[in-house]
Amino acid sequence: MANSEAIAAAFADGPAYVPYLVVGDPDYESSKAYVEALDRGGADVIELGLPFSEPIAEGSTIQDALVRALDAGMTPERFFSFAEELDVDAALVCMTYYNLIYQYGDETGPRPFVERAAAAGIQGLVVPDLPAEEADPLREACDELGLDLVFIVAPTTRADRLDRLMERVSGYVYVQARLGTTGARDDVSDQTTESLDRLREYDVPKAVGFGISAGDHAERIVAGGADGIIVGSALVDIVADGVAEDRPTAAVADRLEALSRELKRGAERGHRSRTEAVDSV
Amino acid sequence: MANSEAIAAAFADGPAYVPYLVVGDPDYESSKAYVEALDRGGADVIELGLPFSEPIAEGSTIQDALVRALDAGMTPERFFSFAEELDVDAALVCMTYYNLIYQYGDETGPRPFVERAAAAGIQGLVVPDLPAEEADPLREACDELGLDLVFIVAPTTRADRLDRLMERVSGYVYVQARLGTTGARDDVSDQTTESLDRLREYDVPKAVGFGISAGDHAERIVAGGADGIIVGSALVDIVADGVAEDRPTAAVADRLEALSRELKRGAERGHRSRTEAVDSV
Amino acid sequence: MSETDTRTTEETERARRPGRERGRDDGKFGPYGGQYVPEALMPAIEELADAYERYVLKNEDGFLDEFRERLADFGGRPTPLQRADRLSERYDTEVFLKREDLLHGGAHKLNNALGQVLLAQYMGKERIIAETGAGQHGTATAMAAAHLDMPCTIYMGERDINRQRPNVFRMKLNGSEVKPVTTGRGTLKEAISETMRDWAETVEDTHYVIGSIVGPHPFPVMVRDFQAVISEEAREQAIEKTGGLPTDVVACAGGGSNTMGAFADFVDDESVALHAVEAGGSTLDVDEEAGVAPNSASLYTGDEGVLHGARTKLLQDSDGQIMESHSISSGLDYAGVGPELAYLVDEGRVDPVAVDDDAALEGFHRLSNTEGIIPALETAHAFGFLEEHHEELGDRVVVNVSGRGDKDLDAAIEETDQRDVANAPDMSMFTGGI
Amino acid sequence: MSETDTRTTEETERARRPGRERGRDDGKFGPYGGQYVPEALMPAIEELADAYERYVLKNEDGFLDEFRERLADFGGRPTPLQRADRLSERYDTEVFLKREDLLHGGAHKLNNALGQVLLAQYMGKERIIAETGAGQHGTATAMAAAHLDMPCTIYMGERDINRQRPNVFRMKLNGSEVKPVTTGRGTLKEAISETMRDWAETVEDTHYVIGSIVGPHPFPVMVRDFQAVISEEAREQAIEKTGGLPTDVVACAGGGSNTMGAFADFVDDESVALHAVEAGGSTLDVDEEAGVAPNSASLYTGDEGVLHGARTKLLQDSDGQIMESHSISSGLDYAGVGPELAYLVDEGRVDPVAVDDDAALEGFHRLSNTEGIIPALETAHAFGFLEEHHEELGDRVVVNVSGRGDKDLDAAIEETDQRDVANAPDMSMFTGGI
């Protein structure tokens, strides 16, 4: 299922490069420069993290970034302004925790948030602490307002749950490459291939995340069957390093753009090797 | 009952002044000078404290003196040499705790201690933690070797116990003037008169102690019927003050002698007023 | 054989008491509860729900028998229901104390920790993890893990470690590894995230022992069931001692595990009023700007939201960000509360009350010097409630003494020093700490 | 009515168990015991002996019933007899723990303190005094006095006060006055003298609560009777759990109150071996010159003498001066021991053993990390014994866990730091204390 044409388009031709950054990290203006750098680097979809005070699904890299953004004053309202002000080609997806969605606006329930997100040009949502079983109200609002609702599939997800998830997912499925929370790793797990195999029969783009940090990772993952790669911690690390070393915004943005290019190219190489493999059959 | 003629003589004519000092406080030689000063001041019987490490019946003044003497190396053996070296007219009584008596010498039991005491010229013993009920072995040794065994009568001693004590006492009875442990006080208790009344029928000299510190105390107590006064803490205070102020031994000895004179004269005045009262009947 | 059978049936019966059915099937208490967790953990909590069903509800393999036996022999159950003579006189009502402070470790926490570690063993898990704030749940878990010979890792914020060194030392003595969490502000919330993170990587062989009736299903019902032994005993003891049910049951509420433990078997006794006493902190007002609630009164002042895996009542700002809560007692210092309690408050079955720091401190001194029991500062809130509300209570009041105060001596000195506490002893020699 | 009668008879029966007759009539245990006290105190101890006879032996006015009830409700009795699974495996014998550490206050001390304070109340006394060294007996007495609403003064050496500040604070919280004793060296012996001094002045309205089975008659028999509940329960529990008597009972011995408490009802069971474990300190050698015994093994190495009102075994020099004793655990650091134990050792009924500081410390860590119970350092000696002597024991060993170790955390750090303790956790973060 797909609600957002932009997202569908992002996965339509070739592998999608889906970077993630925390909005407002380390401040509003730099953050905008960084997100735009991802776009220049070839992003197809950008996952924008709206910081929540209790991010139970994050690794420490992203947790620290969320704290920086909160300390700098990020709020849902400012997040939406940020999205509106962005000058990017990529489709925008908001990644946040359910309580912020639930509390937004005057009436409780997820609808006001989705309305405002739609108005701000957001095309989809990823909510790591919202399981499919509790997602119906949010999915209805998304369906109505044309947003995709992305679910995460973990290596531990059992077959029965997989069906339940895949019935409800839209836009793309976020394939968690390994057990654990977010964080950049140096290896690419065997679990990835296994997970992709399990998902082969489902007709929805499969974006693999958790631990991708370099072009050759991206290449192998796409070669293994992924329709896209999601990269978070490796990019957030660059922002954190910029803060620690007090680097100019432009320099950090350049590094983000460079890594993006590398990742995107890696993904494309992986895609080519896959199509060649298919062709050669 | 009386074993020691010297003690009997001390109470025979007029009231007996019975001072107490801790032997070896603050050191062997000074202590000897102090005891001899008591003698010059008119002592009839001198109670020599042999320090024990756990003096449960003492007030803090005497407890501190015992610690000083122990720290300066006082032992039972040195105590006996001390007694032997003393040049005094007064009868000598040893005041100590039962464990030292019990452990002395090669065989256990009190006899070796009493033998050695007798040889050192000691005429009697006061053992504050030895009740009449446990005293038979010690009393036998004392009887055999001619020492008196003095018991303490407290204001709380009940009639039945009184009989038990008075059957076993010899030399004199130590009348505790009030509840509490040793220590100089400014008043003289009503309990004293009451205690003396209870003892009137018993034919043994009654020496009153606990808290006497001045001539007029002594006077009132003897006037009230006491055959002698026991003074400890007030004298030990002078020694302690000498230590604290670092006074020369001779100066401290002079003060001990002076207070002794005052106490002795007070006792004599009390005695006179009593005989006059009797005469005037 | 037949003896085991009888016992088994008895235990199963006990597990099936009417007051404990709520939430068992789907983890929902009205609008509250649920399983708001990352997908990676879903299989683990489903597995746990299954194990809960088999071992806790059906007593498979005699789990409940072993649990009861270990609670008795290792934990020291039953704990007494003691008449507090002097408080009874003071308030002109019968005051009874449920003495959870006498449980091994010094608080009710062991009821749950022992249950969960034992369950993990029945499930074939090989490792225990837990988070701890003040260290009470951590020490209880470390004790249970040592007792059952399970390797155990406790996550604790670095700032909390520095404030609670004796508890850290106790966990280490019991053979647990204590991992300092340095992310964020180094307190309980970061420790929770870090434990989740560990669990997300190790779910297959590891069990996460949650410390209160919070978190995703089946934790709230399972922890309640393990703690329900408190009310099970108290109810029987009250009937035995007084010939009838109490009129009121009082318990402090942080996450709410001692609270639901003390309430569970009384919920269906409509005549018994249930009072959940929260930390009123310094004031019930909040500072939205700073994101700070100077209290932890989530039942009393909080509103609906999703935190740490469950929908419940929370202290949050208008955006839905969780507030930093505050209390004199670190064990009550939590922005959420168990979903079951949230529901029972909405239903009008449980009466939520807030007692402020000052009144709690006075309660601490009052119980110490009139009854010879030094309570935990958490527990002291229940005695602050008694002082302030005794006139509204019936004539037979049970107060749950959730824990002892030995852990709080330093805090008591510091807090008493800052105030003019009428019933405190002269503590001048302790200024600056023990 | 008839119910009370039956209970009364039961209690009187219980008080009359055969193992407890020793010393009751005249305070003598062979050559030991007696009443070596200043005359001024004789009436007080005679009055006490009379009250003991009436209330404790004859249950007059239902004293024993009330005592038992308060021990249960306030104290938390019965305490469990727990099978120690991992120690049992380690020593290939059944090891059972009698859990006195679970008693209110954290040690067996309350059995005695509660009994004596209650007795003082029955006697019409209006004030309680006690001495304390490490503070364990002082805290137990302060708790009991608060519970029974009796004003209480605790004497404590100034040096001990500085070493045991948490316990001083607990006593104050319980409403007791803590009087620092500055005479002499400012430790336990001066505190005892000072308490005696107070008592000598106030005997008429004051009761002196002695902390162990020491002192003049009737203290040794009375304290034993109050503590005998330990063996009374343990004996029944052992029979119930294992179908028979234990082969061995092990308890640490300072003054010997937990020891005689654990032994009392087993003394007449000739098949049960009784092991009194004393503090071997750093060595069993003594320094006569300095008057120092670097241990507290008065049963094992001491000889007959008179101390603190009774004839017993002592650590003394050849003159009869009492030695300064030493132990890693302040509660065992005493130069004397109860006269009844001295007698039972001479009779060959009790086996005296010394366990040194190192072995005790290892025992402390072993119980903490294998069983999840942090014992008092006093208690730890019993586990040192188990490690060293398990091969000589039978197949059902009961160890009395006299107290918990929360009071000893600082000492454990300091002592562990000074040694190479194989089974200690990494404690580098605690160097210098908690």
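The chains carry the letters A, B, C and D, assigned in the order they are written, with residues numbered from 1 in each.
The working rule: a residue touches a chain if its C-beta (ideal position, glycine included) is under 8 Å from a C-beta of that chain, and two chains touch if they have at least 3 such contacts.
These figures come from a predicted structure and were not determined experimentally.
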- [ ] Work out which chains are contact partners of both chain A and chain C.
- [x] none
Open item on the list: Averaging over Cα atoms per chain, report the distance between chain A and chain B in Å.
Closed with: 97
Task: Centre-of-Cα separation between chain C and chain B, whole angstrom - done: 66
Task: Whole-Å gap separating chain B and chain D, where each centre is the average of the chain's CA atoms - done: 38
Task: chain A residues counted as touching two or more neighbouring chains - done: none
Open item on the list: Can you pull out the residues of chain D that are in contact with at least two other chains?
Closed with: none
- [ ] Draw the chains as points, connect those that touch, then say whether the picture is a line, ring, star, complete or other.
- [x] line
Open item on the list: Strictly by the criterion at the top, what is the full list of touching chain pairs?
Closed with: A-C, B-D, C-D
- [ ] Sort out for me which residues of chain D touch chain C in the complex.
- [x] 72-74, 76, 79-83, 85-86, 99, 101-104, 106, 142-147, 149, 165-166, 168-170, 172-175, 365, 368-374, 405-406, 409, 412-413, 425-427, 429-430, 434
Open item on the list: Show me the residue ranges of chain B that touch chain D in the complex, using the header's touch definition.
Closed with: 52-60, 63-64, 67, 70, 75-77, 97-104, 108, 128-131, 133-134, 151-158, 161, 165, 176, 179-181
Open item on the list: For the complex, give me every residue of chain D touching chain B.
Closed with: 34-40, 42-44, 46, 183-185, 189-190, 192-194, 196-197, 200-204, 291, 304-309, 314, 316, 318-322
